Amino acid sequence: MQREQIREIHQEGAYHFTMGPYHEPVARVESGETVAIYTEDAFGGSITSEEDRPSEALGPYLNPQTGPIYVEGAEPGDTLAVRIEDVEFTRDWAVSCLVPYFGGLTSTPLTTTLHDPLPDRVWKYRIEGDVARRGDWEIPVRPFVGTIGTSPAIEAISALSPGDHGGNMDVPDTCVGNTVYLPVRVEGGLFFTGDCHVAQGQGELCGVALEVSARVTVTFELVKNREIAWPRIESEEHIMTVGSARPMEDAARIAYSELVKWLSADYGFELFDAYQFLTQVGELYVGNMVDTTYSLVARCQKRYLA
Amino acid sequence: MQREQIREIHQEGAYHFTMGPYHEPVARVESGETVAIYTEDAFGGSITSEEDRPSEALGPYLNPQTGPIYVEGAEPGDTLAVRIEDVEFTRDWAVSCLVPYFGGLTSTPLTTTLHDPLPDRVWKYRIEGDVARRGDWEIPVRPFVGTIGTSPAIEAISALSPGDHGGNMDVPDTCVGNTVYLPVRVEGGLFFTGDCHVAQGQGELCGVALEVSARVTVTFELVKNREIAWPRIESEEHIMTVGSARPMEDAARIAYSELVKWLSADYGFELFDAYQFLTQVGELYVGNMVDTTYSLVARCQKRYLA
Amino acid sequence: MQREQIREIHQEGAYHFTMGPYHEPVARVESGETVAIYTEDAFGGSITSEEDRPSEALGPYLNPQTGPIYVEGAEPGDTLAVRIEDVEFTRDWAVSCLVPYFGGLTSTPLTTTLHDPLPDRVWKYRIEGDVARRGDWEIPVRPFVGTIGTSPAIEAISALSPGDHGGNMDVPDTCVGNTVYLPVRVEGGLFFTGDCHVAQGQGELCGVALEVSARVTVTFELVKNREIAWPRIESEEHIMTVGSARPMEDAARIAYSELVKWLSADYGFELFDAYQFLTQVGELYVGNMVDTTYSLVARCQKRYLA
Amino acid sequence: MQREQIREIHQEGAYHFTMGPYHEPVARVESGETVAIYTEDAFGGSITSEEDRPSEALGPYLNPQTGPIYVEGAEPGDTLAVRIEDVEFTRDWAVSCLVPYFGGLTSTPLTTTLHDPLPDRVWKYRIEGDVARRGDWEIPVRPFVGTIGTSPAIEAISALSPGDHGGNMDVPDTCVGNTVYLPVRVEGGLFFTGDCHVAQGQGELCGVALEVSARVTVTFELVKNREIAWPRIESEEHIMTVGSARPMEDAARIAYSELVKWLSADYGFELFDAYQFLTQVGELYVGNMVDTTYSLVARCQKRYLA
């Protein structure tokens, strides 16, 4: 399909800061349809310069989401497959920063201490082709959507939270070329996305990747009568499961037990054989160690599953 | 006030399974008003016999809440003080049970393993005066509300979850005679309660206390322009703070850091003196070790604070 | 027995900073014998004034232990019952302090961050009868031994660490009048103790109780062919189990599962009945939230176990 | 150097099941020396067939270590660099198995529940060139040493435990071609190793990799007056730090904060710039999620550090 033929979805009205069944759909799509979704950056564009102070610049809510997008025919018990076709930045710069009491190596509102906050600080990068540049730093561009999910059945979950609905997982494998599988828990699925990243390391250490606004092209496919408990991802080389929980070992347990069950259900492995096999060939990395729950990704190379 | 003069609040329409700003108020009250709120048990009354199998009897949602109750004049930044005047059981029996993959000494959906579930089992107790009796077991009646909270600003949080809004804390100190302080984060505060317990040990070990339906009498007092980050409780003898988080040490950190700040803000302690003083006289018990987050209660005896 | 008739045990040679099988016994005792053990404070007496700076005053090792004491006839598979008859302070003052990067509301070497340390600070108290006094603070004297344990089978564990051998549990129930049950894992059991506290709140919030040197009188009883996995405590009113682990929920799980098994093995409860019963009447408090592992105490009142 | 010229070190006397300062050195080496160390598998060779039952076959202690090896001139405050030159299997088969209450998706003695254990089971693999084969499974051979460490200052730590001394880290990057940096905390450093793996996935999911006996060739280099707090690893492409702790987020915090400090100390990054830079390019994977503490590896590609 030509780029110009793709339907574009802009947020009508205010961006949303929760994923839930209480918002009116911003668009309706068919299974099989490809659309281009415009997303704001995680700060709603409020940080633009290294002179900004995040403690002052940020509003009460973070991580604005575009959505919900209603998928025709989606019903609880289905799975929504979302292939990420493209992530195109809509500006030529990205920002990261230290937000007080947010990040991987700081006290936070959950891991509370009596320490003063780390300093406010902003880093701004120019995006030049396939690198993001700041001074002599050159960071390879590897675009992905930090936040992607569907509506929970009855809860409205903060856009800052990852969970079994997807959400703010911040795992670099929700990237161009990969397919994200999300549970459908309400009529229409109610898809949300936002929070695009020019690049991000594993763990998203300081809490803030290279944040950018973007045009995200995705293709929706509805998989009827197929229920998944947690998000899954498929790339050319891997099948993957994402677990989001605290403490971090619970996220690891979820990710790997979902992968054990996947091998057992779809790839002919007896349950404990799957457990054994993944012991020897599985991969397990930290997507984020900074959000309200931590997201870990368990992976198995497809070449083992022929 | 005479019992018969107290306004009674029954849930109009369906009970709610989330606490959030998306439900219509079931009643409106004034600051200073005393009302009697009728609550269902945590299972919506679906378990009535030791022959019931929780895995079959339970519906998709648990812990039905009465509310929201709109408090006139309440605005974000205020605190809602809720004095629990009475908890009267509306039946003469209580149940506890093992729910598959729920509890303190079992695998759960968050602490996932490959084990088969523990057995389904129900224990039913007769309430006779000040004891709950089953065979030769006699458990002292100590009624409290397991779930009590206000609406988050934008989220709708499962009634099974404790958090900084209160919710399903399952701490035995939200009992008759004590005052619970809850944050006001939306207009009207939007108060919910339910999940009354005839008795419960610290930790709520198997996940299910002595569950009962009840008539809960409370008096609301609005404290204007007083912001609290987490719920607080006051009894005749103690001031208390409740932290709810995972891992459990994060709940402990929250509870005690809120208590340190309370002593520092209101009782004349320099910050590190409060830290020191609570080291020597503070109390810290586990309310629940079974819910989506764990709730711990830090306490300081008032006699130290004269 | 008259106080003067009790055999006194002083550390011969250097105090030990590990509990393990690699040290020569400082004394040998018979089952049934009562002895008085002299212990240093947790800082080896190096902090004596509010002008001291812990970051400078403290040596490389903390928490000196008296021991090991060899119990005649003790063999792996036995249990050593240690009744704490008395804890007499050998000086009239106690100290607490902030040690950099140690405590419950600070970054630590395990919960690492980029924050600067909290300030160095010392609080010194006079012990006057049944209170410890500093300015207008009056803290009730409730003496207990912070550290008490036996040798692991082959490990030498830091005296700062609690574990299944006991060790630095810092739980206020290892106090006068109570009996501590410890596993015997090597010939002679090899008992160590130290780290007496004039008082301490639950959690030992800043990491340092009211530290004091003391004369600890204990009676040893050997329980042959009785194996325990984790320490237990018995008071006039309670039976108790101690679990020490991270994250804190693991310590809670250990403490309560040991108590479930104890009720099941010795008090006639079917396993899941014990789980149920403790759900309604059990108690669970935090002993320490500051050491290398956290120690939680699960308790059941004896009146339920007649 | 010719293979036949390399000095070989066999364990004299019994293998050790702790790392500590209490064992006599089995050999003494010079800085710069290359030696070949013979190691047993983690089960001491007690499991040889798929008919074996681990619950019966295993002895009281697991993970036998060869050592300690005394490095001439090593003193506290130095670092020992150990280049892993080769890991040659001394048999043509490997085993993995399920050990009751041990592994990533089971209850364990620390994460205690009331579940029955998972089944006893053994998987045996033939090693054929660069694959380990069992039925139609073909697992690429990627040999590494599961356990490698130096003596703590005064503790004797179980060979099953990872820690800041190294130990049973089970991270696949302690492999052929890489250099492991270990702290020297006692005279001679006292190096131990064992527990070779034919292959292992990230996380070591069921707790047992492809276990094998081996001849491990290493070159020791002493780095004088260079103190490290936690183990580090260097490959051709990466610098890496290993953190071992519970809960898992503490291991993540340690690994990344050590890497932040390393970039700051040796590569010209201001502290918060290092924090920022690793946010965008850092890698973080789980080595083991099964041992007494979890080991995570943080990595930075060297090409960023020119």
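Each chain gets a letter, A, B, C and D, in the order it is written, and its residues are counted from 1.
Quick note on the criterion: contacts are C-beta pairs under 8 Å (C-beta built on N, C-alpha and C of every residue); 3 or more make two chains touch, one makes a residue touch a chain.
Predicted, not measured: the structure shown is a model, and the values here were computed from it.
*Asks:* Taking mean CA positions as centres, which chain lies farthest from subunit C?
*Replies:* Between subunit C and every other chain, the largest centroid distance is to A.
*Asks:* Go through A-C and A-D and name the pair with more C-beta contacts between its chains.
*Replies:* By the number of C-beta pairs in contact, the winner is A-D.
*Asks:* Using mean CA coordinates as chain centres, what's the subunit A-subunit D distance in Å?
*Replies:* Spacing between the chain centres: roughly 33 Å.
*Asks:* Could you tell me the distance, in whole angstrom, between the mean C-alpha positions of subunit A and subunit C?
*Replies:* The computed centroid separation for subunit A versus subunit C comes out at 46 Å.
*Asks:* Give the residues of subunit B touching no fewer than two other chains, as numbers and ranges.
*Replies:* 105, 111-114, 118, 246-247, 249, 253, 257, 260, 272, 275, in rising order.
*Asks:* Which positions of subunit A touch subunit D when the two form their complex?
*Replies:* Subunit A reaches subunit D through residues 96, 98, 103-105, 118-119, 121, 123, 132, 137, 139, 199-210, 246-249, 252-253, 256-257, 260, 272, 275-286, 289, 294, 296, 298.
*Asks:* Which residues of subunit D touch subunit B in their complex?
*Replies:* The touching residues are 105-107, 111-116, 118, 247.
*Asks:* What does subunit B use to touch subunit A in their complex?
*Replies:* Listed in rising order, the residues are 17-18, 20, 22, 60-61, 109-114, 153-158, 229, 245-247, 250, 253-254, 257, 260, 271-272, 275.
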